[in-house]
């Protein structure tokens, strides 16, 4: 009951091979256009790759490019897909939309509707059961679409941004519901929210430009990002370079003091923005980086200071309190010093 | 150049009256189905309310229910709407989609395209200019749609969840871009993200069930929520009750110690989840609430403990470290004590 | 509630539309001036007229059913599959539209007539098609089928395959998808295609005359009766035509309702 | 790249579709057995045949243009506005479809003929319409217009008004919306509607004969020529029909391409 | 239709211009030839021909079609025009026609007499009573006492011939001239009872004519020697 996919779509620069173990929930993260939806479409059978093979639960899904081309149509895959748009059937009520999967599986009308009611309740949309999709709000439609995908009780579930368009209360309810539901199923979930990955994914895959650039257990990938996108996602500052005795030397020549991973090894260092102190003059600290402010962003209690640093070889950001920001007279273009202790840096090979 | 709307849509239980000052950016928050998109549709002229009147920059937009019914068609309102779906014109390239607004305003093809290119660059979609909407990923389409709405250079801009479907990096770039662009315009932005409201809104309106339930300057509303939804949005615990000499007494009879707002006044108390200490036995603290764990949710570094408390008259949540969670042997159904200092409570009339 | 649709179409369009409507309606109104009203009832209730009307209704309904049965799959094949020669097949299926009706009848004779390519086969099974009501239905189906196929195909393409794909991922077999998604989605188009076919079958004349002959109660449909009446009594012909027109207006008016247009800026309604 | 569409339609649909296609194509093939091939070229290149063919092409093109000009606004009015009596107007616009062609001609005479309701008016301006090439175009437009209107209206409804609404909020005036959004979106349907109209105009016979007469080079179109040839030489009639068929296949084949179907689960493609 | 430039020695200077002749469809062959010959004889004249069923032509003429001469396939349709005062002078009969049995080549049903048409199993096609050949058929039936049970009552001779020549029907009743025109496609069987119904073809100038002289000249030509020769060749009888 595991999934193994290897597929290539030349037109989209997509080339991925991926395995998902039975019962595992995999989160797919990545920038827009990375190929996340493309991957789900291929697994679901909506997109035929130019070449590749796929297998799910011992059954071949497709095998293209060899001598005998094989293609299992979507309805025979036992894989249900929640696409990025809700795409509710406009001529059916919310209830019948959700009941569509059970009905197609051969259940009686009443049984299918009973199942559908259960799922509508799970997504807090029980009161919408007789509404037509055309009269639902964006978030309401999204909830019904989630219920529909889950009600098909597929062996493999593919969810493309299931919690988008949902309000905070419902999102957190659904996040918990998905954690419960996905615990016993094999699933792939595309998301832009780290919280989703943390809540219900066993493992994450980070995609970019049609390829997988990082993967591993959720916490590990998010705590030790190897790629700037992953670092941004995890809300960390990432500095890459080569390991040294002191810690790490960036390509810009800056030495980051921290635990050593061995000299000459390609390595990365991660620093939490809240662990960075911001100074107008060089302070006394384990690590001091000279930066130029590029942008200031209010964030509730604090202000995020985004900066560029040639020595660090990229952008760094830190959070300061509004009071401190005023004291430092922050403005784009200002020169500052970011300081952080060696103990706050996590250095690891990449 | 200010907007004043008062409208009622019986079928949707919608009844709102709202004003937006010139140059102001208003964020609309609220649960799914609250009527946020309905409000924008009315202002844009896509939905005709059953009754009401609207005026923008001294020009009447509509006046329905009186003796003379008045209705200004959308194209004569000078109001541009980014709907909740991208709805890119499928037969035009991304560039021509964005150039549509300038073209309709009478600009030459070349001038319109030049404007369009600028906006595509702003949303980091310059490389997509010749793509057809059908070949764009969800987030790419959303970006082009944002560029299209902005390129129409309307006097009043309506944005319905402009940053949905965007990846973290682009979302933060666009958030900053919108802050810059909206600073000089009048705009209404619907969002589910507090960060958006904080970044570019001068004022927020919270809607629920077709009505406005709270409004005011962004920080004030988010720091002193009067409604559970707003509290959840702001990430705060909200306890409501009546003011007393000690602070506040909930309907469940629990006294919350804090600054007093006067006895007998309807009041609310807000507590940050991170300010709450979790104990297995009643600790010695200003405020101690007995709670029953309903759910545990991993959140990166910490675990969110969601609980129910009859004394507090609702749900409370706190964040604990994984180590502490293990030590407390947390599980749904467990009985715990939430403790917090009087200084951490903010009590205010509501 | 949705946008007042009138506001989105330019006013000059309405003006031209009214001109167009008048262009079609005026001759119909003018026709009523040629009706011999005093004798109208007598003319249209003559046994031969009634027999022709009933036969026309029966055969047209049967032909419409045949068009739906054959035309829906044809439209699906043209819209939802790709094969070599598809454009040729589409063009050929259109042909009965352009064939002068009489020649359509000759083609049918060449195919299904007693000396036609298939005639021997039919004869062998003791089936004679010519001069039978079956022949009328065949002729009507032949000329009416293209209407259904063409109007359905363009609707199928416009509707796209997205909902069908979603249904498939929910485990629905192709037949289920067809029955529960595709057909309901294009139902208004199917209905208007069927009405077009019915109307065309009802008005069919030349192919019927050539292929089926003209015998009261068996093969003489209302258009044939009208044509014949014209020889002796043009007034009666016009009166009968008015009956045909009324039947058509009734059928069309009762079936083609203003279908509800999906609301505007809503998700999931495409 | 998108879903292999064939996988979403059940196999039995293909089987029925093939039966349907054969039902239409077989008589056409059978017809070729009735053609007098040795004399084919001579028959179809006779001056009267060539004159008829050219006249048919000219008038059909003019009629198609008239159909587009009048039909697009009519379809817009039916699909995008709501008014009392809309269903009646829709039903009436359909009528020329069901009128036996000859009666259609009588209706046109009653309206525009010398003794028709408008005849005096026209006469006053020294214009005689009946029995001129203009009359042919009018007759063809009259019978072909419903095709365009009906196929366009259902497409307009299916396409919905969402993109038009978005365009309006971007400041586009109704005419701009029509030109840059509505028409491009339904272009495939417009094209297929126009082809239907052209085909119907090309095959038009009865109304032309009655309203315009049959004068070589002026009003005798190819179907009329075929009708006449049939009196003296049925073989020539069949041969000429084949020419008509070829012209139709060419026009249809060249215009109706397989339009690209929007991709599946993509946003913004509706 | 402009005829070939045959040199003519007897061209009359008085005749010029053009006329439009509306003629019954069954006259297509003969009238086309006659018009050509007439134009050749009177150079500078043009005879436009418009053929259709007699009833169609009557409809057109009553609605103001610009016709100068009308040649009908029966007296009934001509009477409609005279009743409407659309005819100049009196119509002249120029040809007659009688019925004949048409059978497919080989005569599969072995038809020999009129009575054979009533035999069971014989598929006979006739014209409907409303059209000239149909009323002729009824007259023959009444005169002979044989009552037919046709499988179809067609509205035009051409349709009867079509059914027979395609083998769909075993026999049909049409005019002698039609069988002659159809050539080898059908075989004609004459029968004595046909004399009970003789169909007459009248021709007349129309009141709306702008060139009465030419119209009269054409009618004279048709009813004259050359015309009669042509009609006889096509199988018509004398008026």
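Per-chain numbering from 1; labels A, B, C, D and E assigned in written order.
Here, a residue touches a chain if its C-beta (ideal position, glycine included) is under 8 Å from a C-beta of that chain, and two chains touch if they have at least 3 such contacts.
Note that the structure is predicted; figures quoted are calculated from it, not measured.
**Student:** Measuring between Cα centroids, which chain is at the maximum distance from chain B?
**Tutor:** Relative to chain B, the chain with the farthest C-alpha centre is E.
**Student:** If you tally the C-beta contacts for D-E and for A-C, which one comes out higher?
**Tutor:** More contacting C-beta pairs are found at A-C.
**Student:** With chain centres taken as the means of their Cα atoms, state the distance from chain C to chain D in Å.
**Tutor:** 14
**Student:** Just the number, please: Cα centre separation of chain C and chain E in whole Å.
**Tutor:** Whole-Å distance between the two chain centres: 36.
**Student:** Return the distance between the CA-based centres of chain B and chain C, expressed in whole Å.
**Tutor:** Computed value for the inter-centroid distance: 54 Å.
**Student:** Between chain B and chain E, tell me the centre distance in angstrom, where each centre is the average of that chain's C-alpha atoms.
**Tutor:** Going by mean C-alpha positions, chain B sits 88 Å from chain E.
**Student:** Where does chain A touch two or more other chains at once, residue-wise?
**Tutor:** 37, 45-46, 73-74, 81, 83-85, 87, 136, 138, 142, 165
**Student:** Residues of chain E touching 2+ other chains?
**Tutor:** Only 59, 162 qualify.
**Student:** In chain D, what residues contact two or more other chains?
**Tutor:** 2-3, 7-8, 102, 106, 116, 162, 165-166, 168, 173-174, 177, 230, 234, 262, 264-265, 267, 269-270
**Student:** Could you please specify the touching residues of chain D with respect to chain E in the complex?
**Tutor:** Residue list for chain D touching chain E: 48, 102, 105-106, 109, 113-116, 119, 128, 130-131, 209-210, 213-216, 220, 228, 230-232, 234.
**Student:** Note which residues of chain A are touching chain C in the complex, please.
**Tutor:** Within the complex, chain A touches chain C at residues 44-46, 73-75, 77-81, 83, 85-92, 100-101, 103-105, 133-136, 138, 141-142, 144-145, 148-149, 152, 154, 165.
**Student:** Which residues of chain E touch chain D in the complex?
**Tutor:** For this pair, the touching residues of chain E are 1, 20, 25-26, 28-29, 48-52, 56, 59-60, 62-66, 158, 162, 165, 181, 185.
**Student:** Any idea which chain D residues touch chain B in the complex?
**Tutor:** Within the complex, chain D contacts chain B at residues 162-163, 165-174, 176-177, 180-181, 184-185, 187, 262-263, 266-270.
**Student:** For the complex, give me every residue of chain E touching chain C.
**Tutor:** 53, 55, 59, 76, 123, 125, 128, 130-131, 150-155, 159, 162-163, 166-169
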